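This report concerns only the one structure given below.
Labels A, B, C and D are assigned to the chains in the order they are written; within every chain, residues are numbered from 1.
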Amino acid sequence: MPLNSFGHILTLTTFGESHGPAIGCVIDGFPPGFEITAEEIRAELMRRATGQSRWTSQRKEAEDVQILSGMFEGKTTGTPIALLIHNTDARSKDYTKIAEQFRPGHADYTYHHKYGIRDYRGGGRSSARETAMRVAAGALARKFLKQRLGVEITGWLAQLGELSCDENFDSSVIDSNPFFCPDADRVADLEEYMKALWKSGDSVGALVRARATGVPVGLGSPVYAKLDGDLAAAMMSINATKGVEIGAGFKSVAHKGTEHRDEITPDGFLSNHAGGVLGGISTGQPVEVSVVFKPTSSLRLPGRTVDTNGEPVEIITTGRHDPCVGIRAIPIVEAMLALVIMDHWLLHRAQCGDVEAQEPRIPG
Amino acid sequence: MPLNSFGHILTLTTFGESHGPAIGCVIDGFPPGFEITAEEIRAELMRRATGQSRWTSQRKEAEDVQILSGMFEGKTTGTPIALLIHNTDARSKDYTKIAEQFRPGHADYTYHHKYGIRDYRGGGRSSARETAMRVAAGALARKFLKQRLGVEITGWLAQLGELSCDENFDSSVIDSNPFFCPDADRVADLEEYMKALWKSGDSVGALVRARATGVPVGLGSPVYAKLDGDLAAAMMSINATKGVEIGAGFKSVAHKGTEHRDEITPDGFLSNHAGGVLGGISTGQPVEVSVVFKPTSSLRLPGRTVDTNGEPVEIITTGRHDPCVGIRAIPIVEAMLALVIMDHWLLHRAQCGDVEAQEPRIPG
Amino acid sequence: MPLNSFGHILTLTTFGESHGPAIGCVIDGFPPGFEITAEEIRAELMRRATGQSRWTSQRKEAEDVQILSGMFEGKTTGTPIALLIHNTDARSKDYTKIAEQFRPGHADYTYHHKYGIRDYRGGGRSSARETAMRVAAGALARKFLKQRLGVEITGWLAQLGELSCDENFDSSVIDSNPFFCPDADRVADLEEYMKALWKSGDSVGALVRARATGVPVGLGSPVYAKLDGDLAAAMMSINATKGVEIGAGFKSVAHKGTEHRDEITPDGFLSNHAGGVLGGISTGQPVEVSVVFKPTSSLRLPGRTVDTNGEPVEIITTGRHDPCVGIRAIPIVEAMLALVIMDHWLLHRAQCGDVEAQEPRIPG
Amino acid sequence: MPLNSFGHILTLTTFGESHGPAIGCVIDGFPPGFEITAEEIRAELMRRATGQSRWTSQRKEAEDVQILSGMFEGKTTGTPIALLIHNTDARSKDYTKIAEQFRPGHADYTYHHKYGIRDYRGGGRSSARETAMRVAAGALARKFLKQRLGVEITGWLAQLGELSCDENFDSSVIDSNPFFCPDADRVADLEEYMKALWKSGDSVGALVRARATGVPVGLGSPVYAKLDGDLAAAMMSINATKGVEIGAGFKSVAHKGTEHRDEITPDGFLSNHAGGVLGGISTGQPVEVSVVFKPTSSLRLPGRTVDTNGEPVEIITTGRHDPCVGIRAIPIVEAMLALVIMDHWLLHRAQCGDVEAQEPRIPG
């Protein structure tokens, strides 16, 4: 498996650096005959894009995605789909200093030692710029899942710093504010918080949650291709992630078995601590995943580090950065959730395509 | 990639059901010329084994592991190493009822729908019995890492139900009690807690942590073969896991960037919120991972479920079960940590085997 | 992908050495609900087995294959199927000399240099003993393909040394003689030839062909998962193979385009130089593959080689060997053909499972 | 593994259709710190390019390859290297008729049935245009192998139709004629032959051979990652290939064991029927592979086929085509040989990087 590829049947291979000429991806194994346009993909990309609100980096990329292959007369052909976005607003001169300093909390030091060479401009390959291609590929998976299976995927901000959001939500609220916050009453607080954060020069972490409804029972495979195992890999491969939970997640530590086990009735499961996955296979309940993002490490507040000569230096990171990368991560989490579910649907069809529908089927 | 295989270069393929004739694995890509005995592997297996204390399932497996291939005159030969353990203490009659009922919190319902057929005896393939082979394979990786690189891997119980352990520890304490608790003062409490739990018939979750020290800088690859991404997949593939963290994990949500970024001095990093991984690549600091295990779902306390006719039934799970699966999971977490690190060390050697050692090297 | 694994969805992982305690395999991704018995598998194994005629090695293995996992109440469950055969008639003392000498034409020298250690007994991992597991796994694929799709797979001896067989055959002849020769009139010649060969102490090469009929149109994928590309890999991984052809194969060099292109009429293709594959995808015509096997290198006739000190020595290989390994290779070629086709059928179902049947369909 | 990817550690993923906007590839796992320019890659591409002589298709592509990622300041960085070539001389109108007819000997019929949709322009994904990316990627592997290991790779035309070339050659001859013929005395015959062929409107097959010298002993792995197994897959994935041989290949059928086994002396092997591979692992002798290419199926001479309504039609293929695709296949065969060897060198370094050099080492 290429190191920069992901998936079993539906695979995503990405390439590109933050300040290189372009970023791109190859989506392989996608079913033929599926209609999608570059505009639809771009619409998803704009949800992740920087420069959209004052709370994100001011880098303004056109995100003019081109479809280079795998489509004919508006439909996928079953051959690899290559997508390309030229980088247009990279300002490499902001990064000259970084060539000789290791930014704390960044991959500068690790790339330096691993490869002995490093494209320091904007973080090179370790930049979150790569995630645009996940969102682009996710746009295909998402539309496919919705059309064929009725799967709906929704991600939202659950917590920003100490501010948590009420998660009993009407999903229309989420897209009505730049924080993907599902709690209309919280938006003003978040603005206030971000304003103060921006002023202070500091950054903050975030907790993101996503849910897929309508996922059929039976997706996932024992034991190293479990649906939740693949979701964990998918999420932990996103930049700045430090943790992943399925369902009740870390709350499970203090759960009793009688509380945690999701009892079953003919009318449905009585709870969903499992997050829609049992034994690595989907139950038909909503698949629920939580992901934590660390605060941005690029800060204009000085910090201690060493330079490439090993000398201690004080570093100030200029360049354009998000004070909370977790906000823009929401469409990325959704995209990865869509890709994993669609991949497992194809994989399930491969191995179990002629298993007859079983009774009883509990409502999801 | 086979569905029941894991790893890039060093791969583990496992097979076997809880009550089948045997469980086994194939370890492929292991370097030649390495000495290990079945006894050494068995010693690791006994740390995970049931029947060792009153706090774990009373199933007593001999864990008489046989090496079927890949070794000659006491050394690995570079060809696939197959390990086999015959199941000797399976009591399938305990499970007759389960053939027609879906145990809540178990994979019964999902396997039933996915495959249309289900080996219900002891959970079949979804049983934690499979994890014995991870520990067996991990024994090889662990010894290899220690001998060649000086890597030490330690796992421990961080929390059991509401009881947390003091984690400023002397690692010798961990193996001196049946809970893998690093906090000698906590052992009596844990015993008390487990006694009460046992009496009540309920079960509880646990939080496990593991650390690898001595990991060289540079292991891991962008972007879908990140060290932390592979660790997340490894951990989330263990039975009963609901969450994985690297370093500061979910605490990062409330961190400020100035607090979270691990500043660097010529004498070393000033903190390790990163958990030893930046940009998916090891920093040389200890690699730290936390894993949460849900409480056992098999309880003698009645619960609601449906049978295979869709009728509501009250279920009582007999059979022999751990009241807290998280305790025995500790050697499994250690094993997966060892396997992932060794695999990435081989992968790094493949791509970057002639990169010269870079300066400066910050102490880990 | 593990180095000792093969396939995309339906994967085969094998392990074991010629004189180790056992050989075995893990078949992963096999659909659930399929009935097969150890006896059926053993029946296929006996077709490949040594000791069956005076023209093959006299090693007599019981080939008592055990099914260790992945089956329940006589049916596959969708989990990995492990098969095991204990080696019972290994005579390692025959091989003591070989520990210090490199047999020409064998893997002794290459394993020695690659791994720095070598299980010399019976060739270790490089022995054709491994191929028994291919036949075992192939037994499942073959029965599956026949039951579900009506695919029939037939292999035969096309040429032994200079003796070619008439290939306009009645397939019942093939299994009626120990040479898998489809030409009843040739059997006496082959016996004569082999008798003389045996007497001389020499060995000879063979040409094997196999055909699969009833293969649906559409199996295979561009461009590195082509049906013929995977067949070539499958065949060239068999011991002693030196070449693989699809359809007209090397005869194509002198073909004109007007001759070679298989013209199409509503009643069918007018020829099958393509061997049933165009653009890496099956046409619905018979899939035809030819494989050449070199003569056995283990000979009692002395040959020149060097020992492990680099000194020139004259080598005589004792032990029990086939004078023509190509004969017994026929069931192996059939097995690999079955595995590749079934794997591609599953893969096709994954990506194109809802493509509607297209018109026109030319008879195969 | 993505369907359009190849390799273990060094992986090549290609995308693009004949008449799409561009073709491209992603090379992953390539070691860092390696210098190469787009011009060097383009130089290899021009060897394969059409429009270079009157004996190849007159399509004239600029082959202006762009490096989109994975390089910094002229060196590889260890991250994925994406290469892109825009298609500039596609004449899709030549192919309008083909939308409704299945060209015999082409993938039209198989793509139509597999995918239910087909980019018919220039053959779409099944066009040999894809192979340009193999040559581009091969340029990197080839230079790497030469610089680091002294490996030299040479391919040549062994036979064109009935005309065979004398293969005792001075390699400088090969690049001095448009046929890659190593036999200066044959060039005039080949010109005459091709002239007559061109006039007749027909096409012809070709036999190509390639050799790698300087390959270290020890590359390749049992049993499904054999060097020769991977070479067979690599070669059979090239368009129009119908067969692959290693070393003596199909001649082995009539070989006696005493003749075929390559005897060993302290001064070297006495022959190389093995083609440099024993037990799937390189011997240190030249690695030798032969590949046959069928005659072009696109002919202006009428042939029988059916249209998409199933009606019989007479087809004449216009468009620009090579009368012998085998000629231009030579750089492609070289590229695949380079990629497979380099991949196995990296894989060997991963597993056996610390095996000490063994004695005795026989000259290659």
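Heads up, the rule we're going with is that a residue touches a chain if its C-beta (ideal position, glycine included) is under 8 Å from a C-beta of that chain, and two chains touch if they have at least 3 such contacts.
Predicted model only: the values in this text are computed from it and were never measured.
Simply put, of A-C and A-B, more C-beta pairs touch at A-B. Look at the CA centroids: the one farthest from the centroid of subunit C belongs to A.
Subunit C has its Cα centroid 38 Å from the Cα centroid of subunit B. With centres taken as mean Cα positions, subunit C sits 45 Å from subunit A.
Look at where the CA atoms of subunit A average out and do the same for subunit B: the two points lie 26 Å apart. Shown for subunit A are the residues in touch with two or more other chains, namely 1, 3-5, 14, 29, 32-33, 78-79, 111, 114-116, 125, 222, 347, 352, 355. On the side of subunit A, the complex with subunit D involves touching residues 1-5, 7, 11, 13-17, 20-24, 26, 28-29, 32-33, 66, 68-70, 72, 75-82, 84, 111, 114-119, 124-125. Subunit A meets subunit B in the complex at residues 1, 3-6, 8, 12, 14, 102, 104-107, 109-116, 125-126, 130, 159-162, 202-207, 217-226, 228-233, 235-237, 239, 241-250, 252-266, 270, 273-275, 277-284, 292-297, 299, 301, 303-306, 308-312, 326, 347-348, 352, 355-356, 358-362.
Contact residues of subunit B toward subunit D in the complex are 1, 9, 29-33, 78-79, 148, 222, 346-347, 349-355.
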